[in-house]
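Right, I'll just put the structure down here and ask away after.
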Amino acid sequence: MPYVNIKITREGATAEQKAKLIEGVTHLLRDVLGKNPATTVVVIDEVDTDNWGIGAESITVRRRRGQ
Amino acid sequence: MPYVNIKITREGATAEQKAKLIEGVTHLLRDVLGKNPATTVVVIDEVDTDNWGIGAESITVRRRRGQ
Amino acid sequence: MPYVNIKITREGATAEQKAKLIEGVTHLLRDVLGKNPATTVVVIDEVDTDNWGIGAESITVRRRRGQ
Amino acid sequence: MPYVNIKITREGATAEQKAKLIEGVTHLLRDVLGKNPATTVVVIDEVDTDNWGIGAESITVRRRRGQ
Amino acid sequence: MPYVNIKITREGATAEQKAKLIEGVTHLLRDVLGKNPATTVVVIDEVDTDNWGIGAESITVRRRRGQ
Amino acid sequence: MPYVNIKITREGATAEQKAKLIEGVTHLLRDVLGKNPATTVVVIDEVDTDNWGIGAESITVRRRRGQ
């Protein structure tokens, strides 16, 4: 029954990589807490770099500086 | 004052269907808890099927199998 | 497969009322979008009135004024 | 370490405006609670007006009426 | 920079188990997407069984039936 | 109409400090985007330090080391 929301910046994650995140976190919840994979829901949000901030500035600005 | 977030897969819900969800959940909160519709906020997120997982796999993969 | 998060202030909602919210929103998603109730997840968050703001002030302050 | 999620309707907020939101809320958390800007995360979600409801109707419908 | 929110029912997860979830999901994001663990944030919400619904009923009701 | 969710660790924020966060972020949205304070909703979540992770470990563990 767990619900997991993963937010990452939209920078080209592939369907294969997202499938690995879904599988990995579902198995983690099964292994650590015995949660049933059949009812474990995972939602991945990809967020534009203009819309994600850390250190008081957007990721767009950080990427421009090479970070 | 309630806030409701509804997450569904992006598979063609129409503006009319989304309007019905907004109206229905707002009325539910009024009828069950006496909440004021004027300040009830509803946000619907439509999520790509690659980005939604259940049972350790994405909805894209499930749909391909006819589920 | 939908996921619904309902946030309300913590002001004495009973288990029966919360059960009605869960049932009502699950049926709404079935009726409007044909979603399967068996995999519809609903999570209700009850938030302290100090921690909920509207109109630039907390609900605690509004309740004190009789709103 | 705080995490802030700001949801607004998608109605043309510019990168500059979003940068001001990121900076403003990060500084607010530093000034009020002493939180470290370097680890303060801000995520802005822009939501289609069909997908945002208040007063039991969508923002699309309200905008049509001039609200 | 990823942000992960894990929601589980409040049924006795220990600090050690929660530490394993934090470590596991942080390493998953590093291994699959190359994300930096130093800025990966994980927040675990434990939700009362009255406040979690699936299949149109609360987990409290399901647990009573032995599910 | 904006909705803002602020997540911080539960480490003694006072009602006054939380009122300042509510007021500050509401005014920020008014000043930057012209949003109406009357319908701006702010929800603050205070999260146990065992339930918040960064750098692959919980805040509880970091605090013990003096971080």
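Assorted remarks:
Just so it is clear, A, B, C, D, E and F label the chains in written order, and each chain counts residues from 1 on its own.
The definition used in the following text is that a residue touches a chain if its C-beta (ideal position, glycine included) is under 8 Å from a C-beta of that chain, and two chains touch if they have at least 3 such contacts.
Every value quoted in this text rests on a predicted model; they were computed, and no experiment measured them.
The minimal number of chain-to-chain contact steps leading from chain A to chain F is 2. Taking the mean of C-alpha positions as each chain's centre, the chain lying farthest from the centre of chain D is E. Residue-numbered contact pairs of A-B overlap by over half with those of A-D, the repeat interface among B-C, A-D or D-E. Chain centres were defined as the mean of their Cα atoms; on that basis the chain farthest from chain B turns out to be F. Although chain A and chain D share one sequence, what matters here is the overlap of their interface residues, and that overlap falls short of half of the numbers used. Between the Cα centres of chain C and chain E there is a gap of 20 Å.
For the pair chain B and chain F, the distance between mean C-alpha positions equals 25 Å. Put simply, the C-alpha centre of chain A and that of chain E have 14 angstrom between them.
Listed for chain A are residues 1, 3, 7, 21, 39, 41, 43, 45, 52, 54, each touching two or more other chains. Shown here, the protein chains touch in an arrangement that is not a line, ring, star or fully connected set.
The chain pairs satisfying the stated touch condition come to A-B, A-C, A-D, A-E, B-C, B-D, B-F, C-E, C-F, D-E, D-F, E-F. Residues 15, 18-19, 21-23, 26-27, 37-46 of chain D are the ones touching chain A in the complex. Chain A meets chain C in the complex at residues 1, 3, 39, 41, 43. Of all residues in chain B, only 1-9, 13, 17, 20-21, 24-25, 28-29, 32-33, 35, 39, 52, 54, 59 touch chain C in the complex they form.
The touching residues of chain E, when paired with chain C in their complex, are 7, 45, 47, 50-58, 60-61.
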